[in-house]
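Right, I'll just put the structure down here and ask away after.
We call the chains A, B, C and D, going by the order they appear; numbering starts again at 1 in every chain.
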Amino acid sequence: MPIRSADEYIESLRGRKLRIYLFGELVKEPVDHPIIRPSINAVADTYRLAEENPELATAPSKLTGQRVNRFLQVTESVDDVVMQNRMQRRLGQRTGTCFQRCVGMDAINSMYSVTYDIDQAHGTQYHARFVEFVQHMQRENFVVGGAMTDPKGDRSRAPHEQADPDMFLRIVERRPNGVVIRGAKMHQTGCINSHWLLVMPTMRLGEADQDYAVCAAVPVDHPGITYIYGRQSCDTRALEAGDIDTGNATFGGQEAMIVFEDVFVPTSHIFMNGEWQHAASLVERFTAYHRRSYVCKTGLGDVIIGAAATIADYNGVSKASHVRDKLVEMTHLNETIYGAGIAASHESKPTSAGNYQCDDMLANVCKHNVTRFPYELSRLAQDLAGGLMVTLPSDQDFQNPATKPILEKYLKGRPGVSVDNRRRVLRLIENMTLGRNAVGYLTESMHGAGSPQAQRVQIARLANFEEKKALAKKLAGVDESENEK
Amino acid sequence: MPIRSADEYIESLRGRKLRIYLFGELVKEPVDHPIIRPSINAVADTYRLAEENPELATAPSKLTGQRVNRFLQVTESVDDVVMQNRMQRRLGQRTGTCFQRCVGMDAINSMYSVTYDIDQAHGTQYHARFVEFVQHMQRENFVVGGAMTDPKGDRSRAPHEQADPDMFLRIVERRPNGVVIRGAKMHQTGCINSHWLLVMPTMRLGEADQDYAVCAAVPVDHPGITYIYGRQSCDTRALEAGDIDTGNATFGGQEAMIVFEDVFVPTSHIFMNGEWQHAASLVERFTAYHRRSYVCKTGLGDVIIGAAATIADYNGVSKASHVRDKLVEMTHLNETIYGAGIAASHESKPTSAGNYQCDDMLANVCKHNVTRFPYELSRLAQDLAGGLMVTLPSDQDFQNPATKPILEKYLKGRPGVSVDNRRRVLRLIENMTLGRNAVGYLTESMHGAGSPQAQRVQIARLANFEEKKALAKKLAGVDESENEK
Amino acid sequence: MPIRSADEYIESLRGRKLRIYLFGELVKEPVDHPIIRPSINAVADTYRLAEENPELATAPSKLTGQRVNRFLQVTESVDDVVMQNRMQRRLGQRTGTCFQRCVGMDAINSMYSVTYDIDQAHGTQYHARFVEFVQHMQRENFVVGGAMTDPKGDRSRAPHEQADPDMFLRIVERRPNGVVIRGAKMHQTGCINSHWLLVMPTMRLGEADQDYAVCAAVPVDHPGITYIYGRQSCDTRALEAGDIDTGNATFGGQEAMIVFEDVFVPTSHIFMNGEWQHAASLVERFTAYHRRSYVCKTGLGDVIIGAAATIADYNGVSKASHVRDKLVEMTHLNETIYGAGIAASHESKPTSAGNYQCDDMLANVCKHNVTRFPYELSRLAQDLAGGLMVTLPSDQDFQNPATKPILEKYLKGRPGVSVDNRRRVLRLIENMTLGRNAVGYLTESMHGAGSPQAQRVQIARLANFEEKKALAKKLAGVDESENEK
Amino acid sequence: MPIRSADEYIESLRGRKLRIYLFGELVKEPVDHPIIRPSINAVADTYRLAEENPELATAPSKLTGQRVNRFLQVTESVDDVVMQNRMQRRLGQRTGTCFQRCVGMDAINSMYSVTYDIDQAHGTQYHARFVEFVQHMQRENFVVGGAMTDPKGDRSRAPHEQADPDMFLRIVERRPNGVVIRGAKMHQTGCINSHWLLVMPTMRLGEADQDYAVCAAVPVDHPGITYIYGRQSCDTRALEAGDIDTGNATFGGQEAMIVFEDVFVPTSHIFMNGEWQHAASLVERFTAYHRRSYVCKTGLGDVIIGAAATIADYNGVSKASHVRDKLVEMTHLNETIYGAGIAASHESKPTSAGNYQCDDMLANVCKHNVTRFPYELSRLAQDLAGGLMVTLPSDQDFQNPATKPILEKYLKGRPGVSVDNRRRVLRLIENMTLGRNAVGYLTESMHGAGSPQAQRVQIARLANFEEKKALAKKLAGVDESENEK
């Protein structure tokens, strides 16, 4: 029976016996772990939004003939690509964190067209298999995670040149009914909160890297997999009593390392097996989608703008012209990100396989702005928050009868604002600029879907400088035949 | 007979006996004036593009049932709005300057919906009249200029409060068959190169400003009109022999002051007459369109990027990593402008009148970036150009037999590049960053369609800070009922 | 007997029976508290530097005729002011955090001249008293903390207008032999690690605010004082086993709230008592010194540049041109801060009292850059660090035999770099950009010594726009007599 | 007899029979040429300031035992270096342009120490000769120009590798009593307005480049020299009637190309002759001085801030908060440049020769900010100016009785401001951001004393990344011995 609600989703994660390490211990039940739970809540909100606003968070699927969660849809129109961005912004607004499902959505859509192309070039059958897999996911309403980033070892060497051949995930054995894979994937967003993982190569491969050219679907609870949880700034505040000091008690992100120790994948779940020539186009299509998916950060931007506006209000300075001006600047930067992202989606074109691929240049431009502007929004939010954001005593001191009245007396700001509400907003800004969700709002904005330099390389490739030079030469009256002389 | 080509357009401007002052003299025939002609060439290119690429630069018109120049079309779909941007970028690439027709296009589209709304509110007949006017323009294939910006006098006073009531254009007399208007419009782009002008109010009006609430169409060659030409940086280089030192010998922009000395407008050409309540929405819709029209500057951006890439190549440093990186940065900024602009167009919505209105926030964000990024592109282009751009001797020195061999000897750069080509590219960069087209690429980017602060005011209005505050408060767990205490 | 070493300083703090609350509990002995100790170590390093490099960290004192710790010196030459900056940068380099003694140093130097001025104006005896106090401090080699920032309550009201009169610290009783003060001071850097506190008003006062015009010295262990410790991002990592995850295990900052509950101050320790006219100049001189003292952040900048260079090296990409370029940009920004700060010191002028006061404009410019550039350095450091900085598992997972070999295998980077060293550097960057020392490097850089807007107000005051207008008018040939017409 | 006044200086330039080409013609008398004269006026102002404020613009000289113009002084103390910066800012404020004498001043001071070092290393006699030359200049109170920048040809080749060996100035013949030099120097600031030129190599040389290692003094009116004048944006406005449209009618900059056609230099005026090993240190010391000399641009910054403040005032918006804020930002950026520059001077150290050399890192940081901030000041000035700056009719139209009353009527702004004064200020801003002095304020700020990348290379050299890495490793607890494993 498919998952029909946020609550059912959470239940679906229980009792899976995953091998997860966190703080040196095996996690018994992630659903009940106070550090992990907020990340599950964030994914659950993608189900909740589908319940509350199906227009936004579900979409028709030709594959099953039914409406499915939008994160599982193979796009059927330009508008479908655009609607992904709208949904992403909304979920960013609702959770103030990374809701972890974009990798899977973007992986489904890029693999859909790449499997088609491989079949065309090599006479293989990957596309039909992949469609079947997606149908399965849609019918069960599962969460699909992507798994792309390899450890990479010595970055100056190709996969097959590494001292340890496992530094990129690879096929270690080919059997009649499937393959055995080994390796690790780093920084995997939301992997533990998924049901299935789509394993993909992380970069352009050469002929000698054939064993690294593998795409496959693996169930999250496969016994050959180990998860090691990444720690985040201020993560242990979730273990403290009280819900204020976490800043955002309900929602958080998740990144973990996934280790595949000789995991067998049956043929039905293999979507690339040695076709190294197609690794580059898979990475390029995926990153194009995914760089534009960072529009989600404008949803977080809306939250941080709102938090900054609220604290200015609570501090009694909301009408000061410089405060107003900073809020406008934050909004301008946030919408600039949105503009490039939504434009990339609007400018989508159909692939040979029939789904829709966003514009590569604008997607890169969107992401490149994401590596800059959230830092400036964060700086401006700290400006408006005031120093109290980092000198506020702990919640326990506000509970302690010895200090509570002192704190209540001296931290009183504008009349009509409770001290508790004031610190709640301060802690939210701390959460997004230094704390747990700063990981997603800042550092992940920097490195997710490729670090800044990766976008610059791609922008250089797409810039078509020769065409631009021709424009300039024509207007300048350059006569190139003169140069021959 | 309608104008059918760029050449016919130029001919249509001859012999109109306009009263134009430039450098203290009456201009005999603007078409033959070496300073004015480049601006005419730029408008002519909008006709040429329509000939060469009708898909891009013409569009179907329900009003006439025929394809018309896209600058004259009332948009009939979202795609029509998007195509305006594509055409604008292309024309920017072709001319490297302001081609002057966007004001008219944006005026037609905003007046189309506003006249409809006035009729709905006041039972007037403006819309039908306006449709007739547009049909006339489309049939003749005329250039329509807009005329919006009043001198404004003392900026702290409303129109009716000014010491001199003419500081905003106004109705000085109402007759049975029309009205008489008086006043001036400043910085009017391409006015002399147009056939008709659409006069509009420049800002929100109050009840006491009724006489200032006037929209009307006036022929450019009306005898009651005087034009005083604005001078530009390096304008007189067009009077010198040789075509190199101008940087862009073919194309230029045009701005002039238009003085209406008691010009009679017959009823058939009046589209607002006292309905002061609608001045604000006209201005808002026009500026929304027009701020997104600044996507044209990305076409100029393509030229300046191309020029910078070419000079780096001519200087033999095109492979230096810092040079490459600067070209990428220029491209990134240029595409960031494009992203917000094209997104604003893609996000258009139908008006009550049936045409399509772009997204206001994204349009403002686009224009606000235009007030910043072209300056940075310009700075980077100067960086790549090298100091020679501003120390190069005049073209006459390159013609003088006494200095020509010396200059040819010492200004030789990389083998295979002629000194003349090198200086042509340098002069183009000078043209766009200091010279005649810097007026359009920089200062007009700053002030056209509203100065930066105008966008900030509008962004503040559209930002919906209350909604953003609610998002933040929800995530922070703020309990507003506590505040009441 | 005076304190003669870092170790003696630490011992001097023991057994003082301060009332300090942290995490809802009374702290037994701050010296032994794992969260507090790093902040004590940072102050101790000011003693250690004086031992190791007396030229840099001690200075001659006319007051005692002996060399004293530079933080206690009343400056006797321009060079003394300059040397403060050199020492501050060095201590920033050594500790990577806020070493907490600048407030006291800057308070001593501003109060030295202001007490002199008050005496001149009012015939009082504050200056001699203050000199005696400083001599005492110098002889004992004590740490002097400053206490300036009041809670401020409703920011639209003056001290005497507040609903609760205690929102600014004030004199509640005047006795023959002294005064009784009540109130609180917020965000007090290093207060618990000091021996004495200099209490000062926080802003310009009016005549009705006389009771708020109080300067006084109070021993840190006065029984009427309560300290409530401010919590910092990632503070509890100091409670975990292992020294890696803290990032900087040895050094940290400290800010606490100080509550004065009717504290009696004897006449000998009162340096302003009702002379409200001088509050403004005290604040102005103190902030001028203190805004330039933020040169300390260039020492932290050196550390973060070094950390970024190290991780690039460990990742095997230190020769990539974009990596190199980012390190250069970080250096350029860091030195830009230093330039303005050290210039402010070099441009010092003698006061009437005979000590030296730095240049106000350049001090404000220095601090204003500090509210911007450390954020950009931090962003660039995160860029160079890579995503692993925020997805690295906890140290416990590296100790756990079940996960240790997996982590050692897959987190191996360039040959010759241990995984432990790699994560140590990553954790240091996390510490400075998201963690405990991000409080000092970022948020305190924003708000310490006045928030950005405070600098802008002061820059506006000092800009002398009228003089600049005169320069422009002269060159433009403006004839103001024409304006009269 | 020495030159004793600005007027005498101007007279000293008359009748020198220089061979100068401008606009394809030989210039008869540069002093009377309307395009050249403003640049002469700017140099003359260095004499005038020496008359009006000898404390600032003259200095004692041990070489002659008398006070000399500061531009001719060999610095004798740190304060002398600092005073150069103060004088430079003041002259920038007075002229609003490049006053052209810094190259000579910086050349004198760097050659002073380098000739000393060559003598030490090679037993030559350059230093004494150079001292004699400087004494001569001081006694006659002459203007000394520098001549450094060679054409460079193919930038990927060393001087001796060029297809044409003259692409760098070189010794073509050595005679018993001197040498013969041939080549050209590009972009030479103020060369025609000088009396003597100091010729220097432009970069680090190798052993095979010995003939290019030449320093020499040559009189400006040597018959073997040809000057080709560089044209500037809007240069010909100086030929028009009226003094308004030039923006700054009195002062301008000058750059020309100097061609040496086999010029004989007697031994007494040769200061380097083949000692290629010292070319690098000469360039490094000169650029260190000269990059800090760009503090002059803060004087121009004062003018442009003043112009922006004036036009805001004339437009009646000087109290708008965003206007105020932009003026503060301009001031902040301008003073940031000043801070690094004056700090570089304050941190000067004595050379072996006994004069004072500024700090290299801060000098580079100063100049690097100069390649950025004037562009932002310029952008902000254009923002405050409004679009009228580039659409204002020519002065002739304001003189024409047909248009004068119309223009006077409609260009009236705030009461009490004449239209003429308004356009004077607008034209000054145009002059500095697009026109003739934009060459000096913008493009020369970019490329003078080395392009941005030259500073970045030098900053990288001086950054001492290894030391910074050691700081970070120590705090992070890195154990490098672990890496060995």
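The criterion applied here is as follows: a residue touches a chain if its C-beta (ideal position, glycine included) is under 8 Å from a C-beta of that chain, and two chains touch if they have at least 3 such contacts.
Predicted, not measured: the structure shown is a model, and the values here were computed from it.
Between chain A and chain D, the least number of touching-chain steps is 1.
Taking the CA centroid of chain B as reference, the farthest chain centroid is that of C. Mean C-alpha position of chain B lies 51 Å from that of chain C. For the pair chain A and chain C, the distance between C-alpha centroids works out to 38 Å. One inter-chain figure worth recording: chain C and chain D are separated by 40 Å, centre to centre, where each centre is the mean of the chain's CA atoms. Within chain D, residues 322, 325, 456 each touch two or more of the remaining chains.
Residues 321-322, 325 of chain A touch chain D in their complex. Partner chain B is touched in their complex by these residues of chain D: 21-26, 151, 153-156, 163-164, 166-167, 184, 186-187, 226, 228-234, 236-237, 245, 255-257, 259, 315-317, 320, 322, 371-372, 375-376, 378-379, 382-383, 386-394, 396-397, 399-400, 402-403, 406-407, 409-415, 430, 434-435, 438-439, 442-444, 446-448, 451-453, 456.
Those residues of chain A that touch chain B in the complex are listed here as 82, 93-96, 243-244, 247-251, 302-307, 309-310, 313, 324-325, 327-328, 331-332, 335-336, 338-344, 346-347, 361-362, 365-366, 368-369, 416-418, 420-421, 424-425, 427-428, 456, 459-460, 463, 465, 467-473, 475-480, 482-485.
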